[in-house]
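There's a structure below that I have some questions on.
Just so it is clear, A, B and C label the chains in written order, and each chain counts residues from 1 on its own.
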Amino acid sequence: MNILLLAPILAPLTAAVLAALMGWRRLSASVTVLAALSVLISGAAIGLRVGDGAQFGVGRLLRADALSVTMLVVIGTVGTLATWASVGYINAELAHGHTDRKGANLYGMLVPVFLAAMALAVLANNIGVMWVAIEATTVATAFLVGHRRTRASLEATWKYVVICSVGIALAFLGTVLLYFASLHAGASSSNALDFDVLLTHAAQLDPAVTRLAAGLLLLGYGAKAGLVPFHTWLADAHSQSPAPVSALMSGVLLSVAFSALLRVKAVVDLALGTGFLRIGLLIVGLLTMLVAASLLVVQTDFKRMLAYSSMENMGLVAVAAAAGTKLAIAALLLHVLAHGIGKALVFLAAGQLQAAHDSTAIDDVTALLARSRLVGTAFAVGLVVLLGLPPFAMFASELSISRALAGAHLEWALAVALLLMVIAFAALVLNGARMLLGPPDESSPPIAVPRSVAGALITGVILSVVLGLTAGPLTHLFHTAATLLGAAE
Amino acid sequence: MSALGGAAAALQVVGVLAGAPLVVGGMRQVRARLEGRTGGGIAQPWRDLRKQLRKQQITPRGTTVVFALAPAVVAGSTLLIAAIVPLIALGSPLDSVADLFGVVGLLFLGTVALTLAGLDTGTAFGGMGSSREITIAALVEPTILLAVFALSVPGHSANLAAIVTGTTHNPGQVLTPGSLLAFVALIIVIIAETGRLPVDNPTTHLELTMIHEAMILEYAGPKLALVEWASAMRLTVLLALVANLFLPWGIAGADPSLLTIVLGVAAITIKVVVLASLLAAGEVFIAKLRLFRVPELLAGSFLLALLAVTASYVLAASN
Amino acid sequence: MTQTTYTGALDLAAGAFLLAAVLIVWRRELRAIVRLLAWQGTALAAIPLIEGVQQRDAALITVGVIVLLLKALALPVLLGRVVGTEVGERRESTPLVNTTASLLITAGLTVLAYAVTRPIIALDPTAATRAVPASFAVILIAIFVMVSRRRALSQAVGFLMLDNGIAATAFLITAGVPLIVELGASLDALFAVLVLGVLTGRMRRAFGDTDLDQLRELRD
């Protein structure tokens, strides 16, 4: 079990060491792809071993339960797609002179470190270690966001580092306060921050201190998840970073941060009752959706548009978590997986568009479907996934979230959320149609697609279709995770 | 309250009346010597007062009773403070009103009287000086309240005599963070309240840089003498108060004898002289702050006083 | 050491800690602010050292020494080196909120910190937890500094002050979190500062100086 638990963390770290030693080469890049794939495979293996309960490894430092398996699947899938596409993407950037050897080497080293940190964050049993891992993702992605060394990317990096560091510092304060409360609830100092210990002692946690801690943790991890009020870094960072990194950040990192919040919620709900975080998540989630929907309407840059779509989806995920029922949490996890794959698909396609047009303005791109069957179809499929249309999985997840909200007597929140989703839907459709449809113009540049990017795009499309048709064994996994998080019926 | 206690209080008033110009003269002398000048001697302010008192009384046309009464109000309030606060002995007959709010109220009464007089003259400089003075007073008064309040927290009483007694019995209190912060805040406040550098230059003759001088620009003759005297008395009383709040040793008790009173006079004289000399020496090295930076300094001292209060509360709660 | 000495020493350390934060808000020159940060790091390191001596806990004393080396020496030296390369821009330009208002806001934040931390003191009324309002006030002041400054370095100083405040709170209420978390947190702080330092250098090369008002290309 220990090996299975350590594999998702050590495999990407090994790839990082190899990339640091060799620089950006075909071998190191391929090893990174294999590492991401091994995250997925070990996640599946752990899932089969763990079943309905939870198992520990490395002396109760790591924890395997349905939630960590789910998140490993997300990290593994999107990670494989992104690292596979990175091979062709970075080689193309090197060829066109958008980056140099040093930049490529740094990229090759930082991406697997990023993956390892995310894997540690979802596997950690001690919420302090979970915090360290999430902070490590900020440090690892800082220079990935600034990969291109332009003024705009420098600005994005600064905002990202500063705002996320402030947020994560607040989360640390919340963690410390929770440790304090846990010590006074009778836990011993060596394992007072362990998730299972916190769950058992939750009823004795001092309510006032826990409330303060929960508020800080909501703000802090919400900052990493792109929720209001620390959301201002999201559009800049996700739009300025290279496409595979945007895919990873939008598709996975936001959800990993939110899964940390889910773990905290499990403890806080037992200590304070569901009311406190329900209200907090509702306010934060609905405000995030409002900000995202309003800004989606005025977008002129397609990467920023996709970033705001991520923010909108994270807001919806927060609202679903506020509902807190088993159906809500299970739907939320399906939503996270489907969104991850769909967002990765559309960002990878957008990366090729950016490489071809050397700009990310929506007005510069037309007749995509006619010009490139592969990129056009991939972009279209990804967009349809994000719009939540059948037969793709996000339709099912959004429908389930709506049912869960109604079942939890949050009809008014459902109404507001649906309204905002419609606004976002309209904005995405309008911009998407402008980019995809129309007669091709002679002067538009050709869209070259490196082989690995093509492979990633095709795999992404297939995965989205498959996930849409059936969630298969994953349904049971999501429901187990919901039960483990203490969700009510 | 004994007869000797009443005598001590009367002695405080006389002492302040007689000694204030000497304190100002001493400060000027210290400055002069440090700047390499001979200086006019310690008794120079007395000679200036004598000269002013013999001049003709001139009142500007258009001023009202406010202008006429202001010097008396300032001098009277300061003398009342001198009678109340524990300078030589603790058992003043007015001890029951010797609490923090009373003293601060009297200080503010003096400030307001002079400010209104400045406005009453109807000249541009008078109004300018008054508005600047009130800006400073607005930040200074809360700071004095907070700083002395911080000192009163350990003893649970705002009575000044009680605070001084508490410090005498418990010398370690002076070194606590609350006390130290209150000291710094009070020094800044005294500098601002009495118009010394770096807030206001008492020897300036450039009207645009004046604060205190601009308000009293229209006074001449005996009234000017009274105003100058009152300013000197305010400085003396405030310095003596701060000295006794933080270094109260030597002060006579609530039931003083002749010997302790003499000791008390000697002690307070030494403390005031030392404090005034240090202040004057410091002034040699500081330049006047630009006017818009003065609120920064005062806001900073207000913050220090607030921190002093919170620090005192923390310490008091722990004990 | 006796209980009163312990309380007094802890009180003095927490008071100096808060005073350093107040002076950082007051002063505007970058060199002065970095020096004040070093003093604040010393006051911060004093807290686990005092606790360690009181409880005769060698681990706490070790942690105190590490914190002293890191936060009073290494990080300010790193920042100082970045300040040193600023040419003629040593002074902070007028902050977004003028100094008087900043100081009054700081006073308000201190009072707010006292109000917010009452449940913590109520749960565990020892001498150490009674000093928590000071460290909490530093956290609030640090966030205010980050929001109201224009220079990249001042924001970095604000961030380090935030980190100091949280570390102080951790030391005061629990005598430190488990070692592994403390180690991770310190390493992350170190890396964050390195990142900020490198970014400041890049910013100077790209924009000419490090005035954050120049970062306005990305907006909707």
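FYI, a residue touches a chain if its C-beta (ideal position, glycine included) is under 8 Å from a C-beta of that chain, and two chains touch if they have at least 3 such contacts.
The model shown is predicted, which means the values in this text are computed figures rather than measured ones.
Inter-chain contacts peak for the pair A-C, counting C-beta pairs in contact. The most distant chain from chain A is B, comparing centres defined as mean Cα coordinates. When every chain is represented by the mean of its C-alpha atoms, the one lying closest to the mean of all protein C-alpha atoms is C. We define each chain's centre as the mean of its Cα atoms; on that basis chain B and chain C are separated by 37 Å.
The geometric centre of chain A is 65 Å away from that of chain B, both derived from CA atoms.
In whole angstrom, the spacing between the mean C-alpha positions of chain A and chain C is 31. Shared interface positions of chain C, i.e. residues touching 2 or more other chains, are not present. Of all the residues in chain C, the ones that touch chain B in their complex are 4, 7-8, 11-12, 14-16, 18-19, 22, 26, 98-101, 103-104, 106-107, 110-111, 114, 127, 130-131, 133-134. Remark: chain B residues 176-178, 181, 295-296, 298-300, 302-304, 306-307, 310-311, 314-315, 317-319 touch chain C in the complex. Across the interface of their complex, chain A is touched by residues 116, 119-120, 122-124, 139, 143, 146, 152, 155, 159, 162-163, 166, 169-170, 173-174, 177-178, 180-181, 184-185, 188, 191-192, 195-196, 198-199, 202-203, 206-207, 212, 215-218, 220 of chain C.
Put simply, chain A touches chain C in their complex at residues 126, 128-129, 131-132, 135-136, 138-139, 142-143, 146, 149, 151-152, 154-159, 161-162, 165-166, 169, 172-173, 175-177, 179-181, 183-184, 189-190, 192-193, 206, 208-209, 211-212, 235-236, 239-240, 295, 298-299, 304.
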